[in-house]
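What follows is a pair of complexes built around chain A, which joins chain B in one and chain C in the other.
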Partner chain A sequence: MGRNPARLAAAAAFLVTLGACGGNPAPAPQTDVGITSNSILLGTTNALSGPAAAYGTIANAENAYFTYINGQGGVNGRKITFKIYDDAYNPAQTVPLTKQLVEQDQVFATFSGLGTQDQTSVRDYLNSKKVPQLFVATGATTFNKDFSSNPWTLGWQPPYQGESRIYAKDILQNHPNAKIGVLYQNDDYGQDYLKGLTDGLGASASLIVDKESFDVTAASPAAQLAKLKAANADTVFLFATPKPAVQSLVIITALHWTPTIYLNSVSNPQIYMAAAKKNGAALANVTSVSYIKDPTDPQWASDSGMQQYKTIIASCSTCKPDDGFNIYGVAVAYTMVDVLKQAGTNMTRKNAMDIAANRLNETNPFLLPGIKVKTTSSDHFAIMQEQVITWNGTGWTLQGSIIDERGTLK
Partner chain B sequence: MQEFLQQLVGGLAIGGIFASLALALVLIYNAMGLVNFAQGEMAMLATFVAYALINRGMSYWIALPVTLVLAFGGGIVIQRVVIRPVEKAPILTLVIITLGLATLLNGLAGFIFGYVPRSFPSAFSAQTIDLLGVFISYRDLGVIGVSGLVLLAVYLLLQHTTVGLTLRAAAHHPEASRLLGVQVSWMLALGWGLAAAVGAVSGIMVAPILLLEPNMMQSIIIYAFAAAVLGGIESPIGAVVGGLIVGVTVNLAGAYLPFVGGDLQLAVGLAIIIVVLIIRPNGLFGRAAARRV
Partner chain C sequence: MLQRIRRAPPRYWLVGVVVLFFIGFPTVISSFLASEWAQALILAIAIMGLNILVGYSGQLSLGHGAFMALGAYTSAILAHRFKMDLVATIPIAGLLTGMVGFVFGIPALRLSALYLALATFALAVVTPSLIKRPAELTGGVQGIILTQPDPPAFAQSAYGFLTGTAMTSDQWIYYICLFCALILLWFAWNLVRHRPGRAMRAIRDGEVAAAASGVNIAGYKTLAFGISAFYAGIAGALFALAAGFVSPDTFPVSLSIQLLVGAVVGGLASIPGPLLGAVFAYFLPIESSQWVPNQSWIPDQIASTVKNAGPAVTYGAILILIMIFAPNGIVGLLHRGYVALNRRLRGAADRETGQMPPNPQTV
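Presenting the complex of A and B:
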């Protein structure tokens, strides 16, 4: 492509004239890497294969939402392009793929990268490059808590500590004499949950009569559950990823044990409950929390947000509409588009981070009514409300009202 | 005391799972004199085959033998296609090939079936038996019982049939066997087929307990190695006894040794392998290898 000196000269003359006129036009629209007059480039890494590939559909659901927005004309005339790379849930792959997104593809921001370890492995890199690492798909508390030292990184979903604080509140209100046994995964994930529970119980932390850890590579947590039963716990917390959580639900029944069970939200999707039931779990007295509308819950059948979701997800041929991960993807993509819309003509990375960290105040149609996606200059945890749910044999039933933990995590 | 008994019974239950896979490892060792690191993944893939058959409406009791036959055939195909070209290569080459095979089969299963843990039907009820307050499920007993039956079958095959004798001869004295007219290469293939079928039994028995997903066997293969090494890598009975001992040891260590807890159970399994190899390399039931010099 040859340069056209005449045109350049004309442009220069125009600029000089503009300057000389000394007028006061609207502030020049600002852009940044990954933004053109008609496009916005975002990128992600997700587990399309590997041990956590069940999550991979999230990226496709997000893409379905961006496609839907593009179909309506995009964000202020700009269409969103979304690059999805498969890191197989392996941090060793997340690093080069993220570098590829930043340096080769030149994305405006990474969005909804999956996994605690994976996203931790690129946090320093993205912060040193000042590339937004927005709304990582993990509940690890650090991603919002440590915003001051990592000002280009933010999570979105309720942090694990926030979730277990809600359980603590439920215990104190409804089971003040509980004898609690905790089964937790011996990694950052399990310990994050355990810390939230202990902190949330505060002076009543002595209600915990026993806690047992297990390794995620272990064949079965049967030994630990037998210990918790022997410690006479009448309430058991399962801070475990889906496979050991399902095994635990089965083993508890096999031990002829009938405690009240608190199941972390990571493992509460319907498919896992169904697997536990098929393998003989009684599933009596199982409690969890939710912040998102469950596509399988008949009460949302005529809800406008749910209908919108069904329309959006229909454009993704591989996405199962009933899969809770898909509505998660659509909901978090909604917030991303909200940030981009608010950025308006000032489409810089810095401004996008500023909005995401300090100025969100959104009613997201895919979240439970009453839940706000909100950040302020002193609180960067976007979602800090959840509602207790109990298993009714075939699905989850919402209980009571929304519990707000805003402000408890600093 | 009751808790101790529960931990003991739990150890036997998990030990039965280790034993069932260890049996397949022992069988392949008998057939070709090396450990097959892909054994667990082959068992997992066979279980997925059974899952696919059952999901298409085939009854469990028909899917079971069909899967065993397919696994047997699959084992032979793998030996013919992957192992045979390098049959005479150094043992390290073979070991690395089985490692590669494990990765390949794992990825293949993930590609076809995905990674969501699935429930798998069991021949045994999910109910439990109450032994004075100590509980064991019919499924756990089933795993131990079926391992016992497989053990018996393997023992009879290896020790009391001509095929078994030829199999062992081909593995340990290939040149002499060849001189006697044994088709050594096909005997090795037969060994792979049998080991694959035994592995399939293991996978189908443990899948209801471990949940079926591509990484199902990875959590137990190390313990199965420990069981096989402890029992004496050539001894089928050693594999079963070793499996039960490893299961009980790991469970009790996890429950009563505070520094082990739930975190270091795998380390206990590895420690068993190392200690046995140092103190008694032939295991509990293995014969010392004597070599005339």
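Presenting the complex of A and C:
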């Protein structure tokens, strides 16, 4: 034959190399886009700049948690890579950046995208591409409520309507004769809260003596608060994002008015309370709710979950450990990792969605004791429990026990 | 015909090459990149309109984002509430916005440069709030979600024949944007080289002199506003089409500023300027925010600061550099380079006798 043995050996070597590159000849059926044998690719859009840049730290805290998990060997041997893009809280930028995550970076899922409008703008796109849009960082009720029409989208935090239903319960229990004035932001956010309060009060909705709306772009809600005072309200609800909420707290004191104040949880982190205090707010009788452990609360100093959080967040050089947004990020990343762990060897988008929507059932070390992250085949709201907190002058004090609203939203 | 083609000046050939490039471009890049270039083309259309107003007629506008919003919402409402075909709404959105712009141009006649800038700025500021009000019509804060059209059969088969792959809706939208951009570019080209363009430039360079020469000042100024708003309206409608979503936050004040920056950087009073300006205004913020954090040689602290400050830092720095070294924009810079090269090639002999290059400010 006269075959050159050297050439034959080279050909054999080539074939062996080819075989090695090809890996396991049996196709692994249980993986999906964004998953390799040793990695999982997730992506997010968040506001690292722009008007809502205060939220940007959430993405960094989530990344810190994934880094921590990777340091322990990852999820079933796969390390998590997390792509963070800055959409500046502008839906016009969320759309191309999300396309980039899906089509160019080929992520397994988008995780914890920020903002109601921003995430609404890509919900149809992600659902049509069948890419999981998991645990969006907004409490708009629609993200869990409309799961049947958007089966690739889920929220995580308690929905705004659930929160204000808890306020309604507290009012009916502790202030059944309250004269309620409501200040709400004139957008889906404020209206979501208002609807929950009205529904929660039910037959007692007549306790609301006046409700005033303001535009988030308005200079200040002073005129509306003066009207609520003139309507003789003795209890005031502030359904407002941080800036107008802080302004309202200051204005209430300036009006020499001392109502019982219910402050929505979005605006209750310590930094905003400190800002209100610095500008002259009395902060007497302020009530809110919480479901996450407050990093500034001394009662958690020796708590194992809090200590774990402090270790995790130390790896993020730009994250302030006392910022409530950071423990939020770590807590939601914990649930994401839980979903991936549960998926085990069946790492498909469909299976991940199935677990997130129907089979979450866990306690989360960063949430208040007793709060469960739970979904069932008929209830896709992950967190529906919160505890009432009151402001003690320097921090929040937990009151009573956990209030459970599970099952009230469908 | 052949004679005419043979005698065509070189810049016509350049135009042909650029057009062919843009037509062939999506066949070699990913569908995602095509959608990004579609966005850049949309910005180019809006900037082209702004350029007619600012560059040629000399009126400053800081509120073109508002006209884009009007166009986008017209298109979205027609498609969503009245079930019209999304592509068919584009000219309607343009005409309606053009009419509004024309009407807005009438009070603008009484405002001199700075006050006009403020008035248009106010328009950009109030627009997001105004959109929220008739919530049944505009969808309020939640905005309107639109279904992106699938490519029609003829486009599908043509694209499939050329590349052998299926056409995505992003690629189809790119071609719609390119088609609109080419028509509007051709229209702008003709406009500025004929009577209206000359009249506008005359007004810009000296209102009294223009009036003395019989130019209808009020007429041409409002016309410039109308045409400019027409361009912005088309851009807005395409924007709604490409994003598949409109909401009040989609049209922040910064969009209007971005358009003006694009017009100035590209080169005022030039036809190719808006295209270059749009590529700059669209890609630089994206690239700078994604490039900086990936550079290992930049110390972590600086990188994270730049990342958190967003694209603004790099964007600002490059903008300052351009304004120092290319005060007439990118087109001005290219033109200067071309003239210098030409002189050197021709030699010193006819340096003084060579044809005077046209001033980029007036061509």
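FYI, the second predicted complex is superposed on the first by the 381 of 410 C-alpha atoms of A that agree within 3 Å, B and C clash if a C-alpha of one lies under 4 Å from a C-alpha of the other, contacts with A are read in each partner's own complex, and residues count from 1 in each chain.
Here, a residue touches a chain if its C-beta (ideal position, glycine included) is under 8 Å from a C-beta of that chain, and two chains touch if they have at least 3 such contacts.
Treat the numbers as computed from the prediction; the structure is a model and nothing was measured.
Student: So, does A:Y309 touch the first partner chain B, the second partner chain C, both, or neither?
Tutor: A:Y309 contacts neither chain B nor chain C.
Student: Figure out whether A:G280 sits in contact with chain B (first) or chain C (second), or with both, or with neither.
Tutor: first
Student: For A:D215, select first, second, both or neither according to whether it touches chain B, chain C, the two together, or no partner.
Tutor: Touch status of A:D215: both partners.
Student: Scan A:F325 for contacts with chain B and chain C and give back first, second, both or neither.
Tutor: Neither chain B nor chain C is touched by A:F325.
Student: Please indicate which partner A:D86 is in contact with in the superposed arrangement: first for chain B, second for chain C, both, or neither.
Tutor: In the superposed model, A:D86 contacts chain C only, not chain B.
Student: Which partner does A:Y193 reach: the first (chain B), the second (chain C), both, or neither?
Tutor: A:Y193: touches no partner chain.
Student: Examine A:G50 and indicate which partner it touches, taking first as chain B and second as chain C; both and neither are also allowed.
Tutor: After superposition on chain A, A:G50 lies in contact with both partners, chain B and chain C.
Student: A:W156 in the overlay: touching chain B, chain C, both, or neither? Say first, second, both or neither.
Tutor: After superposition on chain A, A:W156 lies in contact with neither partner.
Student: With the two complexes superposed on chain A, say which partner A:F108 touches: chain B (first), chain C (second), both, or neither.
Tutor: A:F108 contacts neither chain B nor chain C.
Student: Residues on chain A in contact with chain B in one complex and with chain C in the other?
Tutor: After superposing on chain A, chain A residues 49-50, 53, 186, 215, 217 contact both chain B and chain C.
Student: Residues of chain B touching chain A in their complex?
Tutor: 2-3, 6-7, 10-11, 13-14, 17, 107, 110-111, 114-119, 126-128, 130, 135, 137, 208-211, 213-215, 218-220, 223, 251, 254-255, 261-266
Student: Could you pull out which chain A residues touch chain B in their complex?
Tutor: Chain A reaches chain B through residues 49-54, 186, 212-215, 217-224, 226-227, 229-230, 242-243, 246-247, 250, 253-256, 271-272, 274-276, 278-280.
Student: Using the touch definition from the top, list the residues of chain C that touch chain A in their complex.
Tutor: Listed in rising order, the residues are 30-33, 35-36, 39, 128-129, 132, 140-143, 145, 147, 170, 239, 243-245, 247-252, 255, 286, 289-290, 300-301, 304, 307-312.
Student: Which residues of chain A touch chain C in their complex?
Tutor: 48-50, 53, 56, 85-86, 88-92, 95-96, 99-100, 103-104, 116-118, 120-125, 186-189, 215, 217, 317-318
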